[in-house]
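There are structures below to look over.
Shared chain: chain A. Partners: chain B in the first complex, chain C in the second.
This part shows the complex of A and B:
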């Protein structure tokens, strides 16, 4: 474990971005979101939750799949080059880190999504512990420990020091490549002392989380064997009513993975076929030339939550497709969210 | 840039299509055409099994999933029977032989022709364009005739002009030993001396013995009422296979569109046994 001065972070980031792309939480227009950092730019490691999750770094909101041209009646297809540049995402919180596992299950299962796989292969994740979890956080329900966020390298910011602990081969490699800066900015601390400081901080974080209002939800009814009972529940009727079908909850969610495939017709330059995030909350999501299987918002609302809490776990060994980041809790304009659904259908209220 | 769509030396994604050349177009009905497609090298694009689908696209116009209507036993080409019902299909209907489209697939599961259906007496029930996926199975079964028992084909459409593949039905299927073909149209029509009436009621009139495995494809209402007739006739749901059709974008179980319950129709379907469908939330 390294302990460096937080004042030396800019130097550390500069060293990373010398050889690879670095994505950091950046504050722009009063919002913090992950973005490509360039030297000298201010970054924001204080904001607990970026507005959009770090999902963009691996599954961008929009990406070209291939270009297609038609010349003299002959088509030609030019696939988009896969990501081949190493990059680092720094500052991902435990929930967003876990969300990557949720996405991996979908995109890395056969047939592998090579666009996503290439980004996963080239990306190294440096996580950051949540020192001040908020009331909207409920990651603890999903076995996530915000005090030990995992990923390739784990970090903690305690007072004016950053503690840096590589966990995987990728993490070790990154650490090795940064050795010079890590050592030059290092605050010489005996290993046991650093471990002890981090352990105390972890205990403090876990104490806060234990007391958060949403840390003890009852998820016991959300099991595949209750699919039909939950699906048919009359409670959806009152739950969905305020939903505006705006799709915000799906776009800010780190685990939502639905996408659309569309064409951009660039005239002479050919057609770009691209994919972009889509939302099961939209009425045209399931629209076909001859009908729509979900014609009302109650059906679409139910689909989103049934997928997260019942269908996805049925396919992936009980793993929920919600990581309790609370983004939908704070961003829904109608004050709807998965917590309300869990409480109502889970029998708590 | 690569012409063959293999993307040169780079590994390509399943979402990247192949280029297909239209080598034949048959007008089946006023709104259905059958397109024959091969690769640029003149050969079949891929191998598939009966019931599987493929994504057909015209870049700049759209991409959609269609069932492959030709049999896998056909070694030369693939065929798609496509009904005009939207932007992409309208465009396809205006295309000519020699023009190029893109194709990717095959996707989804298939009718269990080599397992559950083997050695069985088969009853095919099709309505309208629903014959497209079943035609693949029927020709497969006819080409491997010894592996299956008796074959009954019940096919109905709005009018006699809406019966797809009529020539093949009358000249090949009806003339194959051990195969019975029953055609019906919804309403009386001049020049039609065959049966008149909806498929589900004709099905009951025919009083089939229940020693058959049934494959049914067509509009959702037709499937629903045919299934009711079958149950009344004493068939079990475990004897009946059908296909579900939902909106799809990726075709490989990732884009989320065709998700019902824990299933993705594009990858876990389109073929389902009717008792399996009962276990899904009713969203199809």
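This part shows the complex of A and C:
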């Protein structure tokens, strides 16, 4: 484990971005979101939750798949180059790290999504423990430990120091490549002492999480064997009513993975075929040639939560596709969210 | 609040209304949700406090399709939206029973939380202070720092339409409320910038847009059965941006479409997850309409003709655009 001064972070980031792209939480127009960092730009590691998750780094909201053009009666297709440049995402919280596993299950199983796979292959994730989890956080329900966020390298910011601990081969390789700057900015600390400081921090974080109001939800009813019972519940009628059918919850969500494929017709300049995030809240979600099997908002609303809490776990060994980041809790314009659904359908209220 | 619940129960019991549209307690003290109450006992979860920012008038489009009359609680500025919806034949006034509720401002939860006030249970406004009941005792902060932007420039305490009032006085002065600021100040600031600077401002703001459509879906003036951005035949579909600044298309088209109908209820900027000051686009139109056609407040009544759908010989000539430098 390395311990460096947080004042030296800019130097560390500069060293990373010398050889690869670096995505960091950046403060722009009063909001914090992940973005490509360039030297000298201010970054924001204090905001616990970026508005959008780090999902864009691996699965961008919009990306071109190929371009095609018709010239002199001949059709040419220009495929999009896959990601071939190494990059680092720094500062991902435990919930967002777990969300990558949720996405991996979908995109890396056959047929593999080559666009996503290329980004996963070239990306290294440096996670950051949550010093002060907030009352909208409920990651603990999903077996996520905000004090040990995992990924390729795990870090903690404790007072004015950053503790850096590689966990995987990729993490070791990144650490090795940064050895010079890590050592030059290192605050000499006996390994034992560093481990102890981190352990204390972890204990403090876990104590806070234990006390958070949403840390103890009852998920016991959300099992594949209850699929039809949950699907047919009369409670959906009451739950969905305030929903505005906007896509906020789905677009700030780190695990939502539905996308749509569309063409942008540029006339003489050809056609761009692109894909973009879709939202089950939208009226043309799952619109197909034969029509749409979900024609009302209540059906679409139900789909979102059944997918997260029942269908996905049924397909992937009981893993829920909610990581409890709480973004939907704080961002829904009608104050609806998955917690209210869990409580109501789970029988808690 | 108790008075509102009692009255709602009476109206449900005597059959005047079939349901109540109000706000329901959330999991946190700061996230009440818009809700229907069909039975008297459901009203135990009813809440009305400064966190009840949601303007309920648009829900009446859906409620109007249900059997019977819907009781709705509207704050003063919400009543303008309702009038506009009635004017556009989207809401049936006769199927709506309106209780106008007194309002001293609604607050943005994020601002209160960011001020370090945690464990919120309830809140109340006392003068220019927001008093917050928390797990850790009573906390307070200056009201102005907590208010939603629209309330910082409050357009008045008058309910322009109602069946009865609770906690508000009939005939309270129209016009700016006690906390009012100049709602066009920021628009004027932007007008004073060079086109390049202004473009940079909007580029910075609109590049954050995630195309969630929350602004559109919450907007009482956006009540088309099928929005042009939802049509899958339309190249600039709702879900993605062709480039990082393509959002301008969506937002500018929307601003044009609601021009002259926007009451400045501020819901668009209240719900934006990225904090984009969308109200500024609408206010630019309102300011120009006021300048060109005389003061006009959409939703002030249900009869008058709106400046953009009317013609008088006093109207400005289209050439005004060039005169003001807009054509360059």
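The rule is simple: the second predicted complex is superposed on the first by the 345 of 349 C-alpha atoms of A that agree within 3 Å, B and C clash if a C-alpha of one lies under 4 Å from a C-alpha of the other, contacts with A are read in each partner's own complex, and residues count from 1 in each chain.
Convention: a contact is a pair of C-beta atoms (placed from the backbone, for glycine too) under 8 Å apart; a residue touches a chain by one contact, two chains touch by 3 or more.
Just so it is clear, the model here is predicted, and its values are computed rather than measured.
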| item | value |
| --- | --- |
| Chain A as common anchor, with chain B and chain C clashing or fitting | fit |
| Which superposed partner A:287 touches (first chain B, second chain C, both, neither) | both |
| Once both complexes are placed on the shared chain, angle at chain A toward chain B and chain C, C-alpha, multiple of 10 degrees | 90 |
| Which of chain B and chain C A:278 touches, first, second, both or neither | both |
| Partner chain in contact with A:265 - chain B first, chain C second, else both or neither | both |
| First, second, both or neither for A:120, with chain B first and chain C second | neither |
| Which of chain B and chain C A:49 touches, first, second, both or neither | neither |
| Minimal inter-chain CA distance - chain C and chain B, angstrom | 8 |
| Set of chain A residues, in rising order, touched by both chain B and chain C | 260, 265, 278, 287 |
| Chain C residues touching chain A - in the complex, by the definition given at the top | 26-28, 31-36, 54, 59, 109-110, 113, 118-119, 204-205, 207-208, 210-214, 216-218, 230, 232, 235, 237-242, 270-271, 273-276 |
| In the complex, chain B residues that touch chain A | 1-3, 5, 7, 10-17, 19, 59-64, 85-86, 89, 98-102, 220, 245-247, 249-250, 252-257, 259-262, 281, 283-284 |
| Interface residues, chain A side, partner chain B - complex | 65-66, 68, 70, 73-79, 81-82, 106-107, 109, 111, 113-115, 224, 227-228, 231, 257-261, 263, 265, 270-271, 273, 275, 278, 280, 285-291, 293-294, 299, 303, 306-307, 310-312, 314-315 |
| Residues of chain A that touch chain C when the two form their complex | 28-31, 33, 51-52, 61-62, 134-136, 213-214, 238, 241-242, 244-248, 250-252, 260, 262, 264-265, 272, 274, 276-279, 282-284, 287, 329-331, 333-336, 339-340, 343 |
